[in-house]
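Structures follow.
One chain, subunit A, appears in both complexes that follow, with subunit B as partner in the first and subunit C in the second.
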Partner chain A sequence: CVCVCVYRPVLAKAIHSLSRIGDELYVEPQEDGLALRSVNSSRSAYACFLFAPLFFSRYTVPRGHTFRCKMAIKSVQAVFRSLASLEKTVEKCHIELDEQKNRLTFTLHCKHGLLKTHNLSFQDSESLQAVFDKDSYANVFRSNPRLLVDTVVLFPPSLEEVTVSVNDERMWVRNHVEEEDQSKAMLTELCLAADEFDHFAVQTHNSVTFCLKELRGLLVFAESVGLPISMYFDEPGSPVVLSVTDSVLEGNFVLATLSDDPNNRKNNSRRAHTPPPPPDDFMNDDIDAYLIAMDTSIAPGPSATGPPTTALAASTCSKQPAAANHRTRLHSEEEEEEAGGRGNG
Partner chain B sequence: MKFRGKIVDVACLNHFTRVITTVSRLTKTCVLRLTPDNLLFVLSGKVADGGVSMWCELSQANFFDEYQMEGVSSEDNEICLEVTPENLSRALKTVQNAKAVKVKLTKKHCPCLTIAAELPTLSSVSRVVTHDVPVDVIPRRLWHEFKEPSMPDFDVSVYLPPLKTMKNVVDRMKNLSNFLVMEANLSGEMNLKIETDLVSVTTHFKDLGNPPLRALEALVLDLVCLSSSSSLASTDLPPLPPGDDASQDGGPSQSRDPEAMAQARVDIRKLQQFLMGQQVNPSKAMCNIVHERVVHLILLHEDVSLQYFIPAVA
Partner chain C sequence: MPLSTQSQADDEQYALVASMDNARNLSNILKAITFKDHAIFSATPNGLKVTVEDSKCLQANAFIQAEIFQEFTIKEDLVGFQVNLTVLLDCLNIFGGSTVPGASTALRMCYRGYGYPLTLFLEEGGVVTVCKINTQEPEEPIDFEFCSNNVTNKVILLSESLKEAFSELDMTSEVLQITMSPSQPYFRLSTFGNSGNAHYDYPKDSEMMELFRCTKTQTNSYKMSLLKPSTKALALSCKVSVRTDVRGFLSLQYLVRNDDGQICFVEYYCCPDEEVEEE
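After this line comes the complex of A and B, so read on.
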C-alpha cells in the first residue's frame, strides 16, 4: 500500500490524539481510505480516524487483499514530533507499507530537497473495530469544540469520570463520584442551554457516565483543526460516540459508559428524569461495567470492511460471562458466515 | 445557620481567589470563621502540624457586594466550618470571568459551601456552574480552639526583606539543612543561618528597619486609613501583647541592646511553605521573634492580614 499526500498537520494531530487513547497504533489501508485506530488497555475507549483516498494525492491499495498491522504509537509520534517545525518544513509525506518486510516507511519530503525517512517495523494484528451505530442513537448534539473545551476546563485535570444528563432544553455535565467518596468529594456541575449547540436533539432524557481522560485527546484535535464535534449517546451502558468530520476525514471516539448510574436515581429531582436501569445490574464491578464489545476476529480473515456505522449497536460485557461471550461470539460468527459483509441490523 | 454572599466586581473576585489560594498553599485544611464583618481562616497550632498557626483575616465589605449571615445563635452570631481551601481555590479559579459569583452555605449530600456562578455566553441563556465544596460544621463547644492568637511578647520586631529574595535564599538553604536560624535585632539587621557538620551558610540583611514600638497597632492604623472602609472600630484591631504594663509601653523593652540578636531555630520547610504561598507583594511585611520560642510573621495587604506562627525547635 502506498499513500502520498501534501503534508497536512491534521495527520500528525490525529496521531497525537490517538496516542492519548492507547499505546499502539493500528493501521489498516482500506479501499475507502486509510484507517488509523487505537484502543485503551481496558477496552473502554476506542478511536478511529479514517482518511479518505481524496485526502491523499496518490492512494494505492492492493486490491482484494486486506492487511492490517499495529505498532508502538510512540514510534509514529517520533516521526511527527514537532508540529510547529513540521508545518514549516515538510512539503510532502509518503507512507509505504511493505508487507514482505514488515516495514512501514514514512518519508517526509522537506524543503531544500531534504528527505527524512523513518522505517518502522510492525506486527500483524487482529482487526480492531468497535461495533457501534451512532445513527441509531436517541440523542444527538453538535457544537463548536470550544464549548466542550470550556466545559472540561471547569473540572480538575485529574478527574476521571463525568456524567452527562439531558432533557429537551438543557445538558448538565457533572463529575462522577463513587459512592464511598461522596462525603468528601467536591461536586461540580455545569448547565448548558440547548441554544449553545449547533444541533441539539433529544429523544430520551438520559444520563451517561464515561471517562473524561480519553476524550481530551479529541477535544484538543477538534479545536486545533477547527471542526465541530458531534456527540451521540443512548442508554446508559451504550457507548457514547464523539465524531469530527470533514470532506476527507472522519474521526470517531467511542467511549464506554457505566451501565447503571446510581446518581441518576438519587438526583432525579434535580436532573432530567431518567429511565429505569437495564435489567442486568453491572454496578458491582466497575471494570466490567466499562467494557464495550470489541470485534476481535483473528487476522487476516474476512472482516467487516464496511464503515463501522452500519454494524450493530454496542453492548457492555456483563458480569455474567455467558451473556457477554454470547454477544461477542455472535458478532464473530456472523462475520465468518458473511465474508466481508455487514452484520444483521 | 445561614450564609449567602455575592461578589460582582471582577477585581474583588480575583483578589479573593488569590487570598484563598495563598491560604491553600499554607495548609491543607483549616477553619473558616464567618462573622458579620469578617472572614477568618484559622489554623490553630497542633502538635501534628509541628505547631504552626495561621490567622488570615479579611474584611467582608471589601470583597462582597452582598453578604448575609445568621450564625448559630444571636449571642454567637458566627459560623465555624472546617474547609479544604484548595477546593475553594480551584472552584473560584474556574469562575474568574463570571458576571457574578455567589457563595452559599448549603446542605447537599453533606454541609457544603456552594460556589455558583453565571458564566458569560453568546447565547441568551447563561451557563451556570456550581461547585459544592464539602465542609464540616464545627460545634460551638470547640470554638475556643480557634480564637485569635494573642500577640507574643516579642523580643525583636523587624521588617522583612523582599519576600522573593528571602524565598530564593531559603530555597537554596533547604538543600543543605532541615533547620534554619532566623535572627534579628533592633538595628534593622536580620540573618538567616544554617549550620551542618560540613558547612554553615549565613545570609545577612541590613537596613531593614524596625517597626516602631507598639508596632502592630500603629501599622494597622496606617492601613485602616488607606483602605476605603472607614468604620473599623478598635475592636477590629488585633490585640496588643498581653503581659505587664512595662512591656505594654512597647513590646521589646526600651533597654534592649539594639545590636543584640533574638533568634529562633525553625523547621526550614515551614518557612519555605510560607514564602512559597505568597502571590502578591504585601504592603507591609514583618517578623516578630521571641527568642528561642517562636517566629511570628505578619503580612498586611490592603484588605487582608495574614499572621503565621512558626514555633522554634531545640
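After this line comes the complex of A and C, so read on.
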C-alpha cells in the first residue's frame, strides 16, 4: 500500500488525537481510504479516522486484499512530534506499508531538500472495528467545536465522567457523581440551548453518562482543524458517537455509556410528573431565580436536588460498548408525549 | 569600570589576567561544553582554550580568542590549570544571570600560577563579588590526532537545519550513525531505536549545505550518549562543520556568535563506536 500526499497538519493532529484514546495505532489500508484506529485498554472508547483516497495525491492499495497492522502509537507520534515545525517545514508525506518486511515507512519531504525517513516495525493485528449505527440513533446534534470545548473547560481536568441529558430544547451537561458521594461532592451543571447548536434533533429525552477524558482528544482535534462536531446518542448503555467530517476525512469517536443509571431513572420519573419548564428559565441571567429553583424539590432541570433517596439499591453499573437496549421507565411514561415510539436503536 | 581600579602593581603577581565587560560572553560558551564537572584551562597569548573530556572517547573544546577579552595579559607561553566547571559557571552567574537589557556582569579573571586558586572579580551595578576557586593539576588533554590531511569527508551546514534533526533524534537508539558520501544519500544521520530506524538526509545541493567536500563513502556510528551534549553547542551556533577522517573519528566544529557579535569556536571530537564495513 502506498499513499502520498501534500502534507496537511490534519494527519498529524489525527494521530495525536488517537493517542489520547489508546497506546496502539491500528492501520488498515482499505479501498475506501486509509483507516487509522485506536481503542482503550478497557475497550470502552474507540476512535477511527478514515482518510479518503482523495485526501492523497496518490493512493494505491493492493486489490481485494485486506491487511491490518498495529504499532505503538508513540513511535508514530515521534514522526510527527512537533506540529508547529511540521507545518513550517514539511512539504510532502509519503506512507508506504511493506507487508513482506513488516515495515511502515513514513517519508517526509521537507524544505531545503531535507528528507526524513522513518521505518517503523509493526505487528499483524486482529480486526478492530466498533459496531455502531449512528444514523439510527434517536438524538443528533451538531455544533462548532468551540461550544463543546467551552463546556468541557468548566469541569475539572480530573473529572472522569459526565452525564449529558436532553429534552426538546435543551442539553444539560453535568459531572457524574456516584450515588454514595452525592451529598459530599460538588455538582456542576451547564445548560445549553438548542439554538446554540447548528443542529439539534431530539427524539427521546435521554441521559447518557460517559467518560470525558477520551472525549477531550476529539475536541482538541476538531477545534484545531475547525470542523463541526456531530454527536449521536441513544439510550443509556448504547454508545455515544462523536464525529467530525469533511470531504476527504471522517473521524468517529465511540464512547461507551453507563448502561444502568439509577440516578437517571429517578430523575426522569420525577421529571415526567413536572410540567414543562417555562421557556425563559435559565435563559435570563437571573441567578437568584435559579438558586430558588434549585431549592425546591420540583426542579426545572434534571439535576439531582435535595437529599438522595435511600430507596435506590446500588445496582451494578458496568460500561459495555454495545449493551442490550435498556428500556427504562422513562420510555414507557413519555411514549405518549412522542409522536411515535422509537424502535430499538 | 570599578574592577580596573585595582592597582597595576597587583597585576605583576598574576600569570594570567583576563577581563570581560560581559561575563555572559564566557559563560554562554562554557555552557556548551559542560557535560562533566572538570575542565582543563589552557591559556596562551592567542587566547583561552577550555577542554572537557568524557571516558577518553569524547573531547569538547571552547576557544575564546584574546581579542574577545577587553584585557588579556599572560606572563608565560602556556598557563594551564583545572577547575570545577560547574562551580565556575555558578560564580559567573552569581548575580542571577538574568538577561536584563543594559545590566551585565563584568568579569576579571586572575590566576597567580601553580598551586594558587583561580580568582574571579565579578561586578554588577556597583556590587563586587570575589570568588576564589581551587585549581587542580591540569590533566593532559587527549590528542585525537585529527589533522586536515587525513580528513576524508567534510561538510558545512547551517545549524538551523541540524537543530531540528537533533531535537527529534530517537533517544532509544544507542548510536547515531553518520554517513557521508560523494553520492546518494550525501549526508545522512541515522538512528536505530526500539520502534524502528530513522534517517535524516541532507542533499549536497541544499541551501543549508554551505560546503560539501566528500571524497569517499563512509558510515560511522557514535554513541548517542556521547554526542548528546553537543546539542548545546549546536543550539548556540549558526554554522557547523562536520568532518570525518580515515579512521572514522568525528570532528564537529561550531561557529558561535556571542552577545556582541564576536565569533568563538566550539569543537567536539568523538571516537567511532565500532568499525563499520565501509561500502
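Everything below uses one rule, namely that the second predicted complex is superposed on the first by the 266 of 345 C-alpha atoms of A that agree within 3 Å, B and C clash if a C-alpha of one lies under 4 Å from a C-alpha of the other, contacts with A are read in each partner's own complex, and residues count from 1 in each chain.
We adopt the following convention: a contact is a pair of C-beta atoms (placed from the backbone, for glycine too) under 8 Å apart; a residue touches a chain by one contact, two chains touch by 3 or more.
Nothing here was measured: the structure is a model prediction, and the numbers come from that model.
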Combined model on subunit A: subunit C and subunit B, fit or clash: fit
Touched partner set for A:Gly113, first subunit B, second subunit C, both or neither: second
Partner chain in contact with A:Ser158 - subunit B first, subunit C second, else both or neither: neither
Touched partner set for A:Ala72, first subunit B, second subunit C, both or neither: second
First, second, both or neither for A:Ser183, with subunit B first and subunit C second: first
Touched partner set for A:Ser247, first subunit B, second subunit C, both or neither: neither
Partner chain in contact with A:Arg81 - subunit B first, subunit C second, else both or neither: second
Partner chain(s) touched by A:Arg103 [first = subunit B, second = subunit C, both, neither]: second
After fitting on chain A: smallest Cα gap, subunit B-subunit C, Å: 13
Contact residues of subunit A, present in both the subunit B and the subunit C interface: none
Residues of subunit A defined as touching subunit C within the complex: 71-72, 74-75, 78-79, 81-82, 85, 89, 103, 112-121
In the complex with subunit A, residue positions of subunit B that touch it: 87, 90-91, 94, 108-110, 112, 119, 121-125, 127-134
Complex contact set, residues of subunit A against subunit B: 150, 153-154, 156, 182-193, 195-196
Residues of subunit C defined as touching subunit A within the complex: 161, 164-165, 167-168, 170, 185, 194-203, 205-208
